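Think of it as A, B and C in the order they're written, each chain with its own count starting at 1.
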Amino acid sequence: MPLLDVKDLKAGYGPVNVLDGMHLHVDQGEFVVMLGANGAGKTTTMRAISGLIPRHGSIVFEGHDIHKASADSIVRSGIAQVPQGRGTFPELSVEDNLLAGAYVRHGGDGVHDDMDKWFAVFPRLAERRAQRAGSLSGGEQQMLAIARALMSRPKLLLCDEPSLGLAPLITQELFAVLERLNRDEGLSVLLVEQNANLAMHIANRVYLLETGQIVASGSAEELGADDAIRKAYLGF
Amino acid sequence: MKSLATIREGGAANWAFRIAATVVVFALVLYVPTKTGAGTIQTAIEALVLMGAAMSLNLLLGYTGQISIGHSAFLGMGAYTTGILVSRYGWSPWYTFPVAFVLSFALGVIVSFPASRIKGVYLALVTLALALVFPQVVTWKKLSWLTGGGSGLPTKDAQVADTGFNIGAASRGQMQYFEIFGWNPLGDLRKPDNKAAFWYWIAVGVVVIIYLVCRGLVKSRVGRSMVAIRDNETAAAVMGVNLVATKAFVFGISAGLCALPGCVTAIKTGGVSPEGIQSLTVRGAITFLIVMVVGGAGSLWGPIIGAAVYVYVTDITGGWASDEAIPGVLRPFFGWAKIPPSDGIFAVLLIVLMFVAPRGLVGVWRQYSPRIVRVLPRPAGTTGAAPVAIAATITNTHSEGEHE
Amino acid sequence: MELFFQRLIDGLSQGSVYSLIALGLVIIYRGTGHLNFAQGEMALFCAYCVYQFGEWGIPVWIALVLGMAVGFAVGAASEVTLVRPISKKSPFAVFVVTLGLFTFLNWLDGAIWGNQQLPNSGVGSKQQSYPSLFPNAPDDFWQPFGVTIRYERAGILALVLVITALLFLLFNKTKFGLAMRAVASNTESAKLAGIRTNTVLMVSWGLAAAIGAVGGVVIAGLNSNVNLGLMFTVFIYGSAAATLGGFDSPIGAVLGGLIIGVVENMASGYAQEWIGQDMKLSVAFMVILVVLLFKPSGLFGTAKVERV
């Protein structure tokens, strides 16, 4: 049984459905990358899974259908999302951002240990722990957003274009951290990207999304081997 | 949507309906002063004053999207202009109308400059403060040489004792007849009914003038700029609308027009003070806003309908503070209240309308009247209708578009 | 010099009332970006309730707590039933609804308690004057260095400072306070962190109205009666305080209130001839206007007043 199993998902804004019946799944411990152009529905997919927008269809997480659950209870069930752009609380300090990330955890057990752990992973955040998040650089804010999401101890991490607006070097660093988390901690990841080159080589599996539908899926090697797909979608 | 009947725009049935509606309006306007007594006429004058104030506010809020809870100050400008010029300088009330318009226009333009930098509810806050400061300014002891201070106008040393066209009083200069080229339509003005009717016709004149100015403005180029500002200020600026100038102009016109019903109030009341005239206080300003939104913001007839309904309901329920006055069926609902229920009724109506029909009573009518009679727009190219005329109709529909 | 300190003390205690109204406005603004025009009238309703509890013989401090509970319920219910559903439409619709609430609450006060000021022996009030939280007999004062400090005024100032301190602890030291700050900072990220944003907003409105209730009771106590027009001007002073301090800064609201109280008292005292009691409100008006024109974010706020 997959960790996350999405079937016939329909969602959108107002009367228009951006997603019209899409299927995807993420297995336990898998690193799945979803590629697609602007407007393909990547962010909508993420928002629908996290319960930020109204949606129809079935979203089964660990055997429970969560397609009607509220955003906060979805977080409680173990899905954390790093939203597109800056998913931080700019007026709050770095520490408070992380504490807010641990909001769903009961009691204070291990919260500070976790905080130290993520400070070890992202040393630059540790240096700025008392600063307001809004004063951090773009890359630091993205790291903070990821650490904030991880503070809820999720089983599945959704990442919406973490590379957006970041310098290539920072992006590589960020992806290396995500890969390590996936490999060492067994964290399942569903990552959305526009930039195929960066994401393909760490993915176990890749989905290609176009106008609200999955048009191709498979391992990075399989998709890379298909000339037509490579030319049309991957650009290399 | 199904409707019981369908008629063509410009067809015989359509014209019959238009004529009937016009006849009804004229009959109502004529009925009040000729067939009812001074009491009813006075109530009708209140309604007319409220119509004028709400219509001028509508120009600013309904069409241009600028919130004001300060229009009581502009109405007060009118009332005090008339009060001061008549009671201190012995002017004829007729000449105070244009002066009040100009002064209030100027005040409106002055207010508009900060307003063009302050947006949304903050503008509401500033104008609310204006509404609260105005009564303090006119009762300020430093200004009592002009405004009469706390007791208002006219003061004991006034040259003329009564601002109300000085009719019915036995003193000098009293007006007994209103003659137009020897024709005396109203009779002896010393009789209360005739006196009230005289004021009534002045109020009707003011409302007609305000209506015509609003209509002319809304259907003009400026009107389209106003709606553009309301719907999307940034887009309007990009399209070449001069935001500061347009807002200043609309603020000025709106303020100037709002002064005119103030003049009427001063004439009718025969005295001016914030305690004597509630419309000069913040309660007045809120009432204008409620009347406008309930009637239908951004439509020409909205404030008229709203004011008529408001004054009618307030008048009917005015005595309901005592249980005996309440009709039997309604007594259990309103019997407990120690004050008349109209403010509560309108507050609830305002909130409910915001949920179900944000375009007010006029919006409700526009939404549901097609279920009874549907008017088909004139088809293009038939009956020799020139394209220009059709274009004009389309523009009209646009500029009459209501507030979202 | 003594006169100066006298006016300073009086101004501070007067201003502390404005701080309470401003705090309520700020708590709501931070959470939702709305300006609650009914804030003053919610406080007035609670002030009337406390008068009623006094009539029933309930001690004033218990009556105050009950009044705050009423305020909390009114505020929370308004958010859930009116403001939240209408805020999907437009900011203008929210404005109209809070204005409707303003009118409705004022009418409701009149409908229940009548339009004369209370307590009033004419309508059979048992109380002589509006219940005061602190001793306020004519000789209840200290006089250090020639400055008269009435127990009532000092008590009010102390009470406001205690409330401010409690709020500070709530915001900065509790999990719920963290959630409130998170929602104020970024609502969507707050949802993604698993915070029940709807609950936070409901409680924010309730809290704001409960704090406002204290303001209403205090101002009615200083005034020694409660009447339908009591809160109109207090609301404007409170708004001026919030504007001055910055609409999203609680500490700014408190300081803004104190500053306006002092300025108002100094202005009416030293410029008795020109401003005096009659023109005090123009001080608040000028503050609002000048701050919005030249520093819309206020003294302590972050600049995001303009919402497009």
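Note that in this section contacts are C-beta pairs under 8 Å (C-beta built on N, C-alpha and C of every residue); 3 or more make two chains touch, one makes a residue touch a chain.
Quantities reported herein were computed from a predicted structural model and do not represent experimental measurements.
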Residual chain clusters - subunit C taken out, nothing else repositioned: A | B
| item | value |
| --- | --- |
| Most distant chain from subunit C, judged by the mean position of its C-alpha atoms | A |
| Most central chain, Cα average position | C |
| Subunit B and subunit C: spacing of chain centres that average the CA atoms, whole Å | 34 |
| Subunit A-subunit B separation of Cα centroids, rounded to whole Å | 57 |
| Centre-to-centre distance between subunit C and subunit A (centres being mean Cα positions), rounded to whole Å | 43 |
| Parts of subunit C lying in touch with subunit A, wherever the complex brings them together | 175, 178-179, 181-182, 184-186, 188-197, 302 |
| Sites on subunit C touched by subunit B in the complex | 34-35, 37, 82, 85-86, 89-93, 95-97, 99-104, 106-108, 110-115, 232-233, 236, 239-240, 243, 274, 276, 278-279, 281-282, 284-285, 288-289, 292-293, 296, 305-308 |
| Contacting residues of subunit A [partner subunit C, same complex] | 50-52, 70-73, 75-76, 80-81, 83, 87-92, 96, 99-101, 103-104, 145, 148-149, 152 |
| Residues on subunit B engaged by subunit C in the complex (per definition of touch) | 65, 67, 69, 114, 117-122, 124-126, 128-130, 132-133, 136-137, 139-142, 233-234, 282, 286, 289-290, 293, 336-339, 341, 343-344, 346-348, 350-351, 354-355, 358, 403-404 |
